[in-house]
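In this document, chain identifiers A, B, C and D correspond to the written order of the chains, with residue numbering beginning at 1 in each.
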Amino acid sequence: MSHNSFGHLFRITTWGESHGPAIGCVVDGCPPGIPLTEADIQGYLDKRKPGQSKYTTQRKEPDTVEILSGVFESEGGEQVTTGTPIALEIKNQDARSKDYGDIKDKFRPGHADYTYFLKYGLRDWRGSGRASARETAARVAGGAVARKVVPGLRVRGALVQVGPYEIDRGNWDWDEIDNNPFFCPDAKAARVWADFLDEVRKKGSSTGAVIEVVADGVPAGLGAPVYGKLDQDICSGLMSINAAKGVEIGAGFASAALSGEENADEMRMHPNGTPEFLSNNAGGILGGISTGQPVVARFAVKPTSSILTARRTIDTAGGDTEVSTKGRHDPCVGIRAVPIGEAMVAIVLADHYLRHRGQTGQD
Amino acid sequence: MSHNSFGHLFRITTWGESHGPAIGCVVDGCPPGIPLTEADIQGYLDKRKPGQSKYTTQRKEPDTVEILSGVFESEGGEQVTTGTPIALEIKNQDARSKDYGDIKDKFRPGHADYTYFLKYGLRDWRGSGRASARETAARVAGGAVARKVVPGLRVRGALVQVGPYEIDRGNWDWDEIDNNPFFCPDAKAARVWADFLDEVRKKGSSTGAVIEVVADGVPAGLGAPVYGKLDQDICSGLMSINAAKGVEIGAGFASAALSGEENADEMRMHPNGTPEFLSNNAGGILGGISTGQPVVARFAVKPTSSILTARRTIDTAGGDTEVSTKGRHDPCVGIRAVPIGEAMVAIVLADHYLRHRGQTGQD
Amino acid sequence: MSHNSFGHLFRITTWGESHGPAIGCVVDGCPPGIPLTEADIQGYLDKRKPGQSKYTTQRKEPDTVEILSGVFESEGGEQVTTGTPIALEIKNQDARSKDYGDIKDKFRPGHADYTYFLKYGLRDWRGSGRASARETAARVAGGAVARKVVPGLRVRGALVQVGPYEIDRGNWDWDEIDNNPFFCPDAKAARVWADFLDEVRKKGSSTGAVIEVVADGVPAGLGAPVYGKLDQDICSGLMSINAAKGVEIGAGFASAALSGEENADEMRMHPNGTPEFLSNNAGGILGGISTGQPVVARFAVKPTSSILTARRTIDTAGGDTEVSTKGRHDPCVGIRAVPIGEAMVAIVLADHYLRHRGQTGQD
Amino acid sequence: MSHNSFGHLFRITTWGESHGPAIGCVVDGCPPGIPLTEADIQGYLDKRKPGQSKYTTQRKEPDTVEILSGVFESEGGEQVTTGTPIALEIKNQDARSKDYGDIKDKFRPGHADYTYFLKYGLRDWRGSGRASARETAARVAGGAVARKVVPGLRVRGALVQVGPYEIDRGNWDWDEIDNNPFFCPDAKAARVWADFLDEVRKKGSSTGAVIEVVADGVPAGLGAPVYGKLDQDICSGLMSINAAKGVEIGAGFASAALSGEENADEMRMHPNGTPEFLSNNAGGILGGISTGQPVVARFAVKPTSSILTARRTIDTAGGDTEVSTKGRHDPCVGIRAVPIGEAMVAIVLADHYLRHRGQTGQD
């Protein structure tokens, strides 16, 4: 079962609502002896946290993580994991419930609060309760632990499309990521997005986006041929992110238009004796199992439903009405989805790394 | 863990290789008292089975299913499920292992046999062993049981793109599905595809495709807000299908380019007193929970790597070589993926229906 | 996987060490709309908490529980569950790590710290870390939620043997449970135990015990015939309690000596039209499924290995040595195991109740 | 979820009824490259199969196993596992449904058919359907695979009590096991049991028994401190066996009467540099983790409810009646439970071996 847990041998369980006292993540199955301090986690939380530019929600949260269990001082005086569950907790601080008073009885079109109400017969209308993107801070914390599980793993994400504007892949420069508030690897696209998002923000509107996550250093052999597929679990992880509406691996949807000749990633032996692929349409995964190439995944997020323009909707009493969202507002939730996507990919890779080691004895 | 099982309260476990004596599916968790005979399953297997037109592999398999457990004659003389595991078995008949002799020691570029070998240190090179699409017959059998679990559920699929050719959605007619060998809902597109696939087949090439699955009669409330999301599990199910490289729900990747105003599915109360959505960009799922609208999912499959044109590759001894595939050949695996996609969506819905009923007591 | 989680549709995940800042329990899958406050949980924690009599460890812990998520004020103003994960947290207060300094490098014979060290290559020697009975407070908190899930359920426990002294079942009086510090239903046995445990305590020794848990109001039909057996999961839950070495259901080990005639629980229709059993050797479970009779389970706990008398052992450097435990000390861990056993039985019943409702639609 | 599956990284899923065409077991997660033929499995099935002496049911089943998937001829020509699911199937042959006609509408007191009917609303009354001990042949087949997963593992079982007659542990001789029809390690006890069981059989009565399973060669470190306890999973596995009513590890229930001094297994360094325990009250498991000593588990089975003497019961129409069982009859189901208990212990150890290797990287 997986209501609020994700993963098997390496598993996260998250809890907490947008406007409760805290949110948290329990990381289970982490191998022992891995150096881990709050500082290892905080950097990733800082990337995700709101209010860092005018393009994301103005909620102010320090998002300070505490490790409440699962680490101990090793012989050498370093704090390391013990193999037991690592409880991570983040206090909520800037929860303004009053902002939500006017949507207490109305369903925002395109928002989870309608289905939530249908399922549970009640809902925590303050900032969407459990359906809030606030939960994703807990994943990012868990993902920071996951990154340390697979030796040599590096997981990086980038925003590659905002509204109708895609990056030019010829301009891709990972170093640009930190030079703009969008995690954009193309400096030119970042400038276009800045203008576009200014306009979106001023209108109180919102826009969708596409995020790409690339993992280097993934050992070959992770995954399984049928329902334990690595790409299946990556897609599951990315689709579990708020607002995600599509996921793809490698060439993805574009592969539908390719011929077998074009799509096949040919191989040659490198002079150093290791097999080499001449392309990566596969996105690093064939038959559900990693090839050793970089794993490449993308996911699309829809525009947030919290917008200033009034939309037709119904209320909890079953009457027609209109709703617009006045509180704090995220013109493009895709920006903050970048570190979240990285976290989910890292968690899946950590889980499959341990599963693979378990079943085959390979490191 | 999920190497070869899928689902939780309703769960399938499949087994079998392309060239072994049989394949099978164990369906666990099916509610008791549901009428079930082999005939209920056979129709779906017949839709998927190979050799039905010149556009799919010429392997001839009757794909006759046997129910080996889990049913019993009820008081009324009808055969019904008993609540215990339903074992479904399909004998393999047309397995020509010799066809594969020449690729025994070479890895097809873009094919699972390379990663399979890396992971397990050996591989069943006869027809790809476990990585063969043959496994999907077992899912289709399991999916036929799943369809009977949710009262009023109808799950239908269609091919909506073959190579570069998409259907015209204005021409969509479900009745056309059975009038062409492609499960194509657009009669005009079907003619274009026929010509295109003739050409592909003659060249010994292959092409990708996009499949759409639509489920009507899905009760509202299935799913959960975080890792038990209905869309997450549908994507996981569809990505577990051989050759799948991307999945999307509702507006999917297109939602990245939409504004919040465009994307929001507005609502009105129907005169009959039920809430009504004015559009379905959500694909029937908001915040991971079903809305009661039709659930709409699409997935892209890549072209098969088994093509006549020689491609550069390496062999199991670590030398450079070339490979082309001579045996039977599937110019567009996307065609047969239609009933497979339907099966996976049905399985996810059955599982979530039972989980929802368990947690909330709602039917 | 179940390193630190227990249950399926209703699932607890616990975290925390004896000497860390806190311990906690995440309850996942709880149905929505159930009234729940801290007070509902605190009473059970108070029964378990240490330092309540001279017969249990003198560690002083208020064991105050906080609910950090998963509840919300309902329309009527009452705090109810929302269907999302309920995070329960208990701060550690009286952790005297210095007490353990002298056993930092020695393994107590019969204690988890040896195997813990072998498995993880390190250990949190302060109060046994994760292997401490402190973790059981988190279960008791989770169990308090579980008790509210099955309508009409009552789960009660009693100590029925301390060292060699069993109760006289003819004297069983549930009202006696609260009249002595042992949860003993037999006033006479309680007096014998008091003398015996005084002696054990003065010697710095320890003793084993047997606990019985009885659940009334269990609906018929919970469980499954093979690996989803209700008794199997109860035994799994009880064996997961620290120091447990044996579990039994109904007549248990005594049934080995019975004849089929003696063991069979005969049935008659009650004048009110309901079936009635004339005995309960089955302990309320036949073929893995509840009968509707009270569910009766027992488990044995060994004496704690923390004793004053020196025992031969080895140290972490691989040398022979001796060890005795000086810190705070629990002469009979079986006493506090009573509310813990109740909690585990309640958790299993809640899980199976939801699973049964999911699969069969029965309430 | 675990209705019909058992285990995590190494998992069995069984299916089949007593009177259906076949029963089977799907083994998932078995490491690749392990030599495996039908002969490796058949020997264990032969030990369990009915009709081997006058002391077990006279049903005649050859219990011939077929491997339908998951193995392949390796380079060296040997048949080995491939890492994919191993489907094992056993045809039913001697199913005399007519024997059961007279109990079609009556519930045998102490038998699963009452609860089965309550849960599912119907039942396969022919030989108890899914609740039949016939299912255990599937486990024994799966257990034969499990035995090959842990290098150096040996799992042996013995009957240690029949009715009121226990063995004398001083007479224990593993070589005696094959010299009598009871898997009895004490030649003298075997003679007592023969007389006792002759009497039981002639009266058409039945008796309970206790089985002990001992596993040598268990690596230290398997298990986890809380809900992934090795002993917890062994107890779960043994309690899942038909008629089991109690389980214990090491000193088990007897440890309740021990003092801490008696119970502690003291340690010394062996001259060869390895730690040595001076006793094994722990049964090879401390704090849920294996110590490296032999793992010792026992379980009690109740007498079968199928007896010749009429017992009071009710019928499906809700009337009072009496029932006696005339068909084939098993005076002591404990005898055949010996290889079944071995199988379950082997399966748990295989699962934990792979889990431990996964989490810690230790072999």
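Criterion: contacts are C-beta pairs under 8 Å (C-beta built on N, C-alpha and C of every residue); 3 or more make two chains touch, one makes a residue touch a chain.
The chain lineup, named per UniProt: A, B, C, D = Chorismate synthase.
On a predicted model such as this, the values are computed, not experimentally measured, just so you know.
More C-beta pairs in contact connect the chains of A-B than those of the other pair, out of B-C and A-B. Relative to chain C (Chorismate synthase), the most remote chain by averaged C-alpha coordinates is B. For the pair chain B (Chorismate synthase) and chain C (Chorismate synthase), the distance between C-alpha centroids works out to 45 Å. For the pair chain B (Chorismate synthase) and chain D (Chorismate synthase), the distance between C-alpha centroids works out to 38 Å.
Note on chain placement: the centre of chain A (Chorismate synthase) and the centre of chain B (Chorismate synthase) lie 26 Å apart, centres being C-alpha means. For chain D (Chorismate synthase), residues touching at least two other chains, in rising order: 1, 3-5, 8-9, 14, 29, 32, 83-84, 119-121, 129-130, 225-226, 355-356, 359-360. The touching residues of chain C (Chorismate synthase), counted against chain B (Chorismate synthase) in their complex, run 1, 8-9, 29, 31-32, 83-84, 225-226, 354-361, 363. Residues of chain B (Chorismate synthase) that touch chain A (Chorismate synthase) in their complex: 1-6, 8-9, 14, 107-116, 118-121, 130-131, 135, 161, 163-164, 200, 205-210, 220-229, 231-233, 235-236, 239-240, 242, 244-253, 255-269, 273, 275, 278, 281-283, 285-292, 300-307, 309, 311-314, 318-320, 334, 355-356, 359-360, 362. Of all residues in chain A (Chorismate synthase), those touching chain C (Chorismate synthase) in their complex are 1, 3-5, 8-9, 11, 13-17, 20-24, 26, 28-29, 32-33, 66, 68-70, 72, 74-75, 80, 82-87, 119-124, 129-130.
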